[in-house]
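What follows is subunit A paired twice: with subunit B in the first complex and subunit C in the second.
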Partner chain A sequence: MVQPNFSNPRKAQAELSSSSTAALDAFLDTQHQSYYEEIYKSEAACLCILRQLPEICRYIILHFIWSHQPVKSSDLKALLRMDQFSPLSQVANDIQPAIKRKIFQPLELQQGKRGHHTPMNDVFKRGLRNALTGSGTSNSFGLPYPLSPTDEYPSESQLIQFGDRTWESILKYMVSSGLDRGFPVARPETSVLRLLHSSGLMADLSESNGRQQSLDRMTITSQGFQFLLEDRQTQLWQILVFYLTSIESRGISSAPVLSLFFSLGCMQITQSYSLSTFSNPTQLQALDDLQSYGLIYRPATPSGAKADYFFPTHLSTSLCSGNSALSAALNTTEIDTSHGGTGTGVGMGSGEDDKKFLILETNYKIYAYTNNELEIAILNLFMDIKVQYRNLVVGKLDRAHVKAAMEKGISAYQIIAYLQSHAHPQMYSSPPPILHTTIVDQLHLWDKERNRLRTEESEMFEFFSKDLYEDTEAEAKRYDGLLLAVPKDKLLFVNPSVKDAIKDFVKGQQRQLRGM
Partner chain B sequence: MPSLLILIVDLHPLSWSLLSIPPSPQPSDPTLSPIIAKSLPSSLTLEEFITQLLVFLNAHLASQWGNRVVVYGVSAGKSRLLFPAPSTTRDDTNTPSGNVYEPFRLLDSGLEQGLRGMMSEEGVREGKGLNEPPALVAAMTKALCCELTLIFPLTSHIPSSISPLEISLINFPSLASSLSLLFHSILTKGGYVGLMNCVFAAQKGKIPIDVLTLPPSYTQTSPPIFLQQAAHLTGGMYWRWNGRGGVLQYLHVSYNLHHNLPSSSSPMHNAACSYLLHHFPPLVSHYISFHRKEEWQTERSESP
Partner chain C sequence: MSTYSDPYAVKLTSGVLITCDSAAKQILLHIDSQRDGPSKFILRDIDETHVLVKKEHIEIMKDLLQVELEQNTYIRDPNI
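Take a look at the complex of A and B:
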């Protein structure tokens, strides 16, 4: 039977796009007012937080940003075109995401008047106003560093290559650790491995007591497999949030580092930025660490020391660019008027195009036009690779491989999302949905197969008398402990917790029968 | 969903000279609400307007990744693309700053450059043809063409699950009294037909045209009825500034209200807007202190 929710591409698409900053949202949700006051000192952070809010909140904030009075609930209702007598909870519901980010406070009664109001956070208000007028002083959008002719000046493609290679080498290391026959990979930096370990993406399974964990013997966990199938932006934010929590666990506030991430998200690729803006030691440490993930590139001076400027790579400049697939699509259209004046995340162009290599046929055959070791390794997780040419991998989605992937903790949704986000432009020429319904449904059915058998501890009672069997069955139902009844063989399976009660009941019944 | 904002700004020297004359003291109007009456009618110079306009355009870029802005300027008898500049004439002399988000800076400096170009052309003209009406129809046609070129390549690339970008075309004609007569002369020259063709094209393409008329009622100018009609036909907004500051708020209200929220019937719409504007305190416009403000002033003194 076809279940309609399986084959709804819009829904899957929505899940895909909404989740890219899910890790960050979850992290921010747990933070207190003081944390927000700290990050809102950065104009870049204000801008990025604003853009991550739902449309209606952005609209309300931009509308009231120039007002110097608290926002009244009556104004909000008028703005949202609600009836003035509609319940307050409706308005409160709409601004809830902004309240969560401490931009507004919960609506409260106005003193001496009827109606409710809420003040806008002053630090945020100042930050966003400064961002819009360009009159801030904190250099939060990155202080450009004037390069001298002798300085190293990488091109955009070099930066993209550096970012991709560094990031993919980490992913390759993870995949390789899970394969029986791994391929040669470079060992990432120790700080990276430590983070992979503390985040639970990799673990040393040979040491179960957890004390003598060796970073070199780690293998990928099921969480790690799930991580691999996520899209790039989701992966980045997950890692960055793990990084923030690891700082917090050392008892240091992670707010300056989060501001730094937002600053990176607002920077432009190929522009050099000075380190002098980032004075905080945790920020400097973070910049050092970010290079090992490929988020920034910091050239070495001739003397061997690290230069006091850096270049953000496309990984960091696309951090806050919303739906990366969309901004890539916008970027690829080079039109005369498009250049220069827009807010699209710059630099995702070529990298994202390479990712659209996969053709899936209705007979479960996959043609993947790629020679990327990492992508092939990921495909190998859930498909049976039959042929491998220099630029093409041909294989089939089959039950055995998909089930093996599911054993590793990968869900059908993740496989579908992966196939969808990597679909070749050719796949878009047929009418939607992109993936054929039968395949999507089959993947879900395979996923369900895993849950077909369920083991539960139980006690079995065997009866010879039909009357006694039926009485006991009723009794067990009364206790809500009946798991299974087999009338043909007069067998009852009950929950162990009600075993004693049933036993007493049976004994009582037997005594009664004997007594008669 | 990213949106494209195409803006047509009237830069007709006559209308701006009218707007920048400080209004004579008005007898207090008892129909005004006390909050509005508190703020006095004030003049609006071009540079004041442009700074507020830039903040509004920045806010448009800020509200969503992928939002775009295209600005056309119209003057007596001609129209010109102000931003983005054609790639051949682009010269990016301003260096990036650590306090300005790069897309904002590109927009601000690009628009400034475009305005400078237009102003220098006005200087060369030496008042010739100044009585011609603003070439609104030409600008609207260009804007609609620009929208077509922007939309069609986009939709062919974007997966079909994403609906076409929402487009809007906003007008800020500030037609002064002397021009409203000339507006009638457009009619005889077939300008009315051109305008209506644009309006129908916009209507068919579901592009709302929002109109903000700057000369307030105390300037004794008649409202541009054809633009009212254009706004009405395309489901856009028509607004007339009340001359008491708060232009930025007008911009925010007129643009955002029907783009980001589910559309509703226009009477409601206008009711909500007028409610908001009438309860809104005048803006803290002194807060907007652009570092290039002095440059604007020098530029204006050059223009006739």
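Take a look at the complex of A and C:
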């Protein structure tokens, strides 16, 4: 049974932070050199890409950023305190993430008199230098917009509230569509629904031929359920990457929009920014769309038109800073509002501490201290809610509900991850693991019940001659098509894709053996 | 040509290879034993954890197994 690893908390944390941008990483991995040249024109993008690299790569890049020479493998080895005679692959391995982001080129490509070397990408180098020195003219960190006294000026808590409400209303819409008795929810913007549909998070199941998909009759898919259980940061990047792919599918380069995301990630909350830096029409369109997700807030002018400035919300300003920064930002704002008294108090529903509301007992009972409709709806996916008070939900993890959730495509790992990340501070007072082993095991067992059978299409060859059997077995292994061999009964099970090849082989062997 | 006269004969059967735990396999054998004629689905009982079954019956077989497993699951009376 798989147990969470407590012996090495640092490692677990590293995996967690890398996973929140997993969607972005996967997207970037498929892009070509020209795409990177495009986004590296933005200083903000250079900085954000740098932040996402592993520590060792950041160290190397910052060490060589002011150098005019290509980076030599001997210098790298010296920097990393490696033996000068250690194999090149060892160094190459360390800078591999940077090579993937086209900052360096593979070391094997260029060999000079004194060993291998690689240049640093010029556009990236210039961008990062500008980012570090605050020079450059692209204004990719945003151009502050001077507000006149009559302009609307939202406070930080108002922005957080706007962001949370908008984002959660989308999630609520998704989860409500999957319930028998949905609760009343606002319909998100059509552009949002279209993206939810194209990303496969929601689909119109009543229309099987897929031609007349109605955005209003969509229900959540198993992919969508999995999406709901992810943490906020992961969800945001998944949606943003879906957004990028949807732009690409229209034949437009998504690079300016990705630069825009990175710019937003470097901005400050409560600062107003001018739209004038984002000249590209796709960027302007993207800014319009981002408002419907709650990533930016753009006040309306008295005349009704949209203002030509906007405020980023905490959802976008934390994009490039990992989970810890998001929670830190939330914690500080909570302190601020409690002191200043500017916040409404009610809307602050998703502070990192407020997220930890769940107590799970060894008898499978769950006490969830929450009144957030979204969280209750998510809990309702896999637990049997017995009692619901104003600030407390009591229920039980039972087989029927967990199995129903698993039917929808949610795995035991996701339920466990959700329970773990929402565990009440009280749960930490007992010795680890946070979740009791019996419950974790039981969830895995329920998951396994689903697929007790593994089925593979197969061709069975039944032999009488031991020699022929052994020769054919070796041949099938060579084709990598052997599913199972039973020497006792001289049976071979091979993949249907190699059936013909094996048949020909057997015929050839038979001819030979009979001829002897 | 009978198989005895030709030691190099090879018999070929297509189907779906099922890998499962031995308890599940026994249930499959039991379900199969209650069906007759063309609706039998097991082609070959291979060993403790493998059987070869007919491709066309695979979905119904999975459903029957699920029904059987559900019957063997203890569900506590909610009123107690």
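List of remarks:
Keep in mind that, in the parts below, the second predicted complex is superposed on the first by the 403 of 516 C-alpha atoms of A that agree within 3 Å, B and C clash if a C-alpha of one lies under 4 Å from a C-alpha of the other, contacts with A are read in each partner's own complex, and residues count from 1 in each chain.
What we mean here is this: a contact is a pair of C-beta atoms (placed from the backbone, for glycine too) under 8 Å apart; a residue touches a chain by one contact, two chains touch by 3 or more.
Remember, predicted model here, so these are calculated numbers, not experimental data.
Touch criterion not met for A:T30: it reaches neither subunit B nor subunit C.
By the document's definition of touching, neither partner reaches A:S303: not subunit B, not subunit C.
Applying the stated contact rule after C-alpha superposition, one finds that A:S279 touches neither subunit B nor subunit C. Comparing subunit B with subunit C, the partner in contact with more residues of subunit A is B.
Once chain A of one complex is fitted onto chain A of the other, the partner contacts of A:Q111 are absent, as it touches neither subunit B nor subunit C. In the superposition on chain A, A:S148 contacts neither subunit B nor subunit C. Look at A:V506: by the touch rule set out above, it reaches subunit C but stays clear of subunit B.
No residue of subunit A lies at the contact with subunit B in one complex and also at the contact with subunit C in the other. Residues of subunit C touching subunit A in their complex: 3, 7-21, 24, 43-44, 46-47, 50, 52, 55, 58, 62, 65, 69, 73, 75. Interface residues of subunit A facing subunit B in the complex, by the touch rule stated above, are 9-10, 13, 43-44, 47, 50-51, 55-56, 58-59, 62-63, 65-69, 75, 78-81, 128-144, 266-268, 271, 277, 320-323, 326-327, 329-330, 332-333, 335-345, 428, 431-432, 434. Subunit B meets subunit A in the complex at residues 2, 55, 58-59, 61-70, 81, 83-84, 86-87, 90, 95-108, 110, 146, 149-150, 153-154, 157-162, 248-249, 252-253, 256-257, 260-261, 264, 268-269, 272, 275-276, 279-281, 283-284, 287-291. In the complex of the two chains, the subunit A residues touching subunit C come out as 399-400, 449, 452-465, 468, 483-484, 486, 488-489, 491, 493, 496, 503, 506, 509-510, 513-514.
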